[in-house]
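There are structures below to look over.
Next come two complexes built around chain A: one with chain B, the other with chain C.
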Partner chain A sequence: MQRLPVWADVVLVPILSLLAAFLISALVILGIGGNPVEALQVMVTGALGSAYGWGYTLYYATNFMFTGLAVAVAFRASLFNIGGEGQAMLGGLGVALVCLAVDWPHWALALPAAMLGGAVFGAAWAAIPAWLQAKRGSHIVITTIMFNFIAASVLVYLLVNVLRPPGSMDPATARFPEGAGLPTLHDIPGLGGIFDRNTPANITLFLALACVGLVWLLLFRSRLGYEIRAFGKSEPAAVYAGISPVRITMIAMLISGGLSGLMAVNNVMGEAERLVLNSVEGAGFIGIAVALMGRNHPVGVMFAALLFGFLYQGGAELGLWTTIPLELRTVVQALVILFTGALDTMMRMGVERVFALFARRAA
Partner chain B sequence: MVAGAQSGRQTAAPGTDTGAGAAIAPAIELVGISKAFGPVQANRDISMRVMPGTIHGIIGENGAGKSTLMSILYGFYRADAGEVRIGGRPVAIPDSQAAIRAGIGMVFQHFKLVPNFTVLENVVLGAEEGALLRPSLAKARASLRDLAQEYELDVDPDAVVEDLSVGHQQRVEILKALYRQADILILDEPTGVLTPSEADHLFRILRGLKAQGKTVILITHKLREIMEITDTVSVMRRGEMTATVETAGSSPEELAELMVGRKVLLHVPKAPATPGATVLKVEDLRVTDADGVERLKGIDLEIRAGEILGIAGVAGNGQSELLKVLGGFEKATGRVTLNGHPLDLSGDRLAQSRRAAGIAHVPEDRHHLGLILDFAAWENVAFGYHHAPEYQANALLMDNAALIRDTAGKMERFDVRPPIPTLAAKSFSGGNQQKIVLAREIERNPDLLLVGQPTRGVDIGAIEFIHKRIVELRDAGKAVLLVSVELDEILSLSDRIAVMFDGRIMGERLPDRTDERELGLLMAGVAE
Partner chain C sequence: MDFGTLLQILDSTVRLGVPLLLACLAGLYSERAGVFDIGLEGKMLMAAMLSGAAAFVTGSVWLGCLAGIGGSLVLAAIHGAAAITFRGNQLISGVAINFLASGLTVLMAQSWFGQGGRTPALDGGARFQALTLPLADTLRPVPVLGPVYADLISGHTALVYLAFAAVPVTWWVLYRTRFGLRLRAVGENPGAVDTAGISVTRLRYTAVAITGLLSGLAGAYMATALQAGFGKEMTAGRGYIALAALIFAKWRPWGALWACLLFGFFQAIALRPDVVEAIVRVKVPVPALDALPYVLTVFILAGFIGKAIPPRAGGEPYVKER
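On to the complex of A and B.
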């Protein structure tokens, strides 16, 4: 089959997939008696029409960038890390422990420590499935899924029995000290006039963007990234080239888990300012869709994360302002995942056929 | 559909016009077949006639369009223009079922058998009648018995396919086609995996089929086979059929020239070797695989500087394991020294240390080992040498620009076409892919070069080039270990030949004091 030009491959195909997903979503909305045009309006104004909406959209997008990058890095090593959810949960634990351990005088001191805590805990949670895969051949998909459940149970236990402040009825940690609070976009000079005080989006957004750049450097400029990609394409070839499968499996999963864990800086430290149950809210799973749609490229992940941030926030508005139930958000997301991920090849083949037709006309 | 327009341009098909044959319709006739994949014209106005009861060869380099043409005949692709006629009547072949109905049977290079089914079950698969299996199997059993007697196609119908030798598996493929009443049998590179004696047996079968009036189309790149068995031969080059000639009136040199479009040296001239000091010494090398089967059963060999040692043998007799051990990714016991220094045989993750010791390795399977097909050419040039200091920008990052420059130089020196370092490896032809691997390994100037199947899937023009480079390395005083299943290649390149069978060296011969018959016997395990 003839290959598509790059722009069609990375821009046209995803956009067509998205349109198809939205079209089907519109039919679903029609089917349950809603008005798809109104729904779209609510979603767009709700997510993008105000600084308030943008604040949430960017906040969610930050989460998805971390988990999307996490999936993408592992996937480049041909490891399907479904455990982003659990790794982000454990990352939250790491962040919370760091934030609660010291009465932090200033966020600039707390942030690096919390990043380290989140990344180390996330990486550690990924390390066990990684080791089982590398040394014992236990399939990473199975083990990482299992570890999501284990992580949830561990958190319930810790929040109920260990970390809950005495007298509290809420399975959550105490509030973090004032000094561990991250600046929101409102606190950033120049943006204060745009975003209001309660906006959840915080400086972790810039950390996420920095991670996009670093992951790009890692994958496409570094020797380690070269080894990760080579191993991901062919394990026997990697062995021929003297690349150790055990080493790459471990390193790729540690980086992946670390990125998932870093997400907690955004949601736990930046937004909730304490660790609650289910703080991850499915962002680990959405990361899979984000990586799929972003084709495991950091820049693609960034854009896909923004899109899913929009869907997440816009969908929430939908539940708030229309008779369309909140669950529809999940339907729309599922359709986007279906079309950009699972049915990507279908769309691609169609586009390839159209291009081949034009090429023949031109010839 | 096109037909009449090009009738004036049809290539003459000798053998079809001779004698009283004019009244007989060709078994299969292609008229003006064209097929394009985007801008690539894979087949251009191909016309060909094959008379019933003949063996017709199709020869051409990789990418010449042979496979595309056969895929059209078997319903995998639809031609953009042109017509297929069977027995004089135009037929449409939209899918393989239609091809089977039209009496075409295909034996693919890579067999389409279910390994854990019996021969009988494989033969019946896809041709079952009714919901119950038993009547179909009984019918197949009877008809296999007849076919076996008729064509020397004896295979135990109850044997499980994965237990059969490659030669027998191929017979199952032929049986499958005959069971489906094929009158035209197409074989794609059928001898690539066979021993010389198995190939001889195959040719006997094909002659038997011919005697019974079946038509055989043989696709191959081996000139010797064309000369040996075909009645007529068509030569393809760059999507076009450049000639159709009677085999008896042609010569290998003429066919090679028709294939490549220029004169080709079928045998690289080389001066006698002047071996120096011992580079590689292998003593009592043994390998046991994961299932506990001993793959190498005590190998002893020695290669000196400025010498090519050829390892002949049927694939699967331990050659791959030997290469892997020396390349550092298979555990072994025994003793191996390189320039007098012992090599560590205890691990299977030692490829880097082997390279550091001065061993370069062109692996047998360039698609799965030698290259990452999705990587660009420049990324493949770094493959295995990605730690090399000249490819690093600093402690963490690679110097991609330097790598691309280096690749451009290698591509020029090794005549890789197109010379575009950023092109993905999968976009190059087999020959050019192999040149990339060869450039990477040879330009490291190793003391010992391991080469496995250097010209598998490589076109004739590139074979000449690759052979020259290997001989050049030898002349520069390096040791070369050549593993190939192509006896021609072994005979023309090696200074000494060791024959492997069942994990052992059956014997060593000098190329000018042996012949294919003697080597073939050794390859089959018949000791002197």
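On to the complex of A and C.
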């Protein structure tokens, strides 16, 4: 069988997978007695139709860019990091500790410190599974799943017993000092008219976009990125070329965990301004769908993150205005993972057949 | 700690260990055949919801149980298609199935019953009732063994005894039947099985179907025996604990029994922090007890407590030579 043209491989197959996922989602909506057309309208209006909606869509998209890039970098080294959720939780802890440690005079000082805190904590949480995979051969998928649960327990313990301010009943840290508050997109001169005051989208969006660029540079324009991709394609070939599996596994997972941890700058520092339980809200898992949808390419991840930001905000609006519960988001997410990830070969085989048919006719 | 408390804790160990055991044995069939399954959680959840719903509507717990198994089998079929026929990534497929179940269960339960994603509370014949074994009350006055027999061994639901019976049955199937030999072989070296003229695809689908059946039972136990009805995310990570237990057990049936009882025991003592404190004389935080099975699994995976070697062909789709 002949190979698919590049455009079909990079654009057509993912779009067909996405359409299949949406089609089945529409059937699910029909099945529970809803109206798919009306649902789509509510989602579009809710997520894109107002400055308020846009603000939330971009806020969620920022989260997903970080976690999507995290999964993508690890995937490139053929490591499946399901631990984004736990790494982002720990990143939140790092960000919270940094923000609470000093009475920050200005956000411009607090931001780099918080970034460092989030990235270091996230990377540290990924380092243990990475080391176990590299040195002891324990499967990274299972260890990162276990580390998600352990992270949740660690956070419950710390928030209830250690970080909770005296007298408070809430399992959450104290509020961060005023000086650690990040400007929202509304506060930026020139953007104030476009974005609503009450939306959480903040300057972390630009940080996420910078990460998209940096990850692209890393993967496709640096020696290290080449080594990561070579290792991911074929471990024996990489070893033969003198690339150390232990080093690449560690570095790829540290970068992956660091990116997940950076997400906390957006949700903990930018939005909640304190660390609460379950602050990640599944964004670590959505990163898997985003990376698969974006075919592990930073630019693809960026677009996929926007799409999932739309789905997430639109799904929340569905929960508010229609009888369709917001868990529909989880179903769509699952279907996207299923079609773009697990049933990729099925879609590809179908497209290849159609192409072969046309090629025969042209000949 | 007195004898009564000990019995109580052991009793909840059994109750909490059974869903783990059923799910763990479910995973064992699939993984021994070379198909990784991290979608146990999703299959359990779907079965829990469907069994809760069907038991409520029909008033019969057995029909509920069947509906649960049916739902679990559908998800198993999706996993089988992705992993076996389309040679997709088995881990990604498992992740997708977990999310699919997590979302669909709430959507369906909400649309059918409108109770915020729960199924209505079950009672009477719509739930599994505790069975009293023969002579339980007669033997109760016998010191030590009497209460053990009457309170710990007797007085569980049918699924509990079924789960315990499934352990020797699985051992027998795996190590004493032709099917079991082939199943283990297809997880280690599918090429050899194929050369012997046996269909790899069919064997693997059979294994995945058994996985669906057993995780269906695990889910039905959650909604119709352990609790009275389905609640959102009610499996609460048990599918992953079962996976951990499977590794702990080194993919062996008897090991699975002890591992699941151990992890069930952890869950049971996590419900009784007062007892833990009385024994170790230190206040142990509840989250630490919750995290114990996961931490232990990481240690085992790391090979610090005996090496766990998975089936050799696990996770690899089999491509027949042409």
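We adopt the following convention: the second predicted complex is superposed on the first by the 363 of 363 C-alpha atoms of A that agree within 3 Å, B and C clash if a C-alpha of one lies under 4 Å from a C-alpha of the other, contacts with A are read in each partner's own complex, and residues count from 1 in each chain.
Methods note: a contact is a pair of C-beta atoms (placed from the backbone, for glycine too) under 8 Å apart; a residue touches a chain by one contact, two chains touch by 3 or more.
Every value quoted in this text rests on a predicted model; they were computed, and no experiment measured them.
Participant: With the two structures laid over each other on chain A, which partner does A:113 touch: chain B (first), chain C (second), both, or neither?
Facilitator: Touch partners of A:113: none, neither chain B nor chain C.
Participant: In the overlaid three-chain picture, which partner chain does A:124 touch, first (chain B) or second (chain C), both, or neither?
Facilitator: In the superposition, A:124 contacts neither chain B nor chain C.
Participant: State whether A:32 touches chain B only (first), chain C only (second), both chains, or neither.
Facilitator: Second partner only, chain C.
Participant: Counting residues of chain A in contact, which comes out ahead: chain B or chain C?
Facilitator: Result: the larger residue contact count on chain A belongs to C.
Participant: Where does A:48 make contact in the superposed view: on chain B (first), on chain C (second), on both, or on neither?
Facilitator: neither
Participant: A:154 in the overlay: touching chain B, chain C, both, or neither? Say first, second, both or neither.
Facilitator: The answer is second: A:154 touches chain C but not chain B.
Participant: Answer with first, second, both or neither: which of chain B and chain C does A:241 touch in the superposed model?
Facilitator: first
Participant: Which chain A residues come up in both lists, the one for chain B and the one for chain C?
Facilitator: No residue of chain A touches both chain B and chain C.
Participant: Write out the stretch or stretches of chain B touching chain A in their complex.
Facilitator: Per the stated touch rule, the residues are 36-40, 327-329, 348-355, 361, 363, 368-375, 379, 382-384, 386-387, 392, 396-398, 400.
Participant: In the complex formed with chain A, which residues of chain C make contact?
Facilitator: Chain C residues touching chain A: 38, 78, 81-83, 86-93, 95-100, 102-104, 106-108, 110-111, 117, 237, 240, 243-244, 247, 285, 287-288, 290-291, 294-295, 297-298, 301-303, 310.
Participant: Can you check the complex and tell me which residues of chain A touch chain C?
Facilitator: For chain A paired with chain C, touching residues are 28, 31-33, 80, 82, 128, 132, 136-139, 141-143, 145-147, 149-150, 153-154, 156-157, 160-161, 285, 288, 292, 323-325, 327-335, 337-338, 341-346, 349.
Participant: Can you check the complex and tell me which residues of chain A touch chain B?
Facilitator: So the residues of chain A touching chain B come out as 1-2, 217, 221-224, 226-227, 229-230, 233-234, 236-237, 239-242, 244, 356, 359-360, 363.
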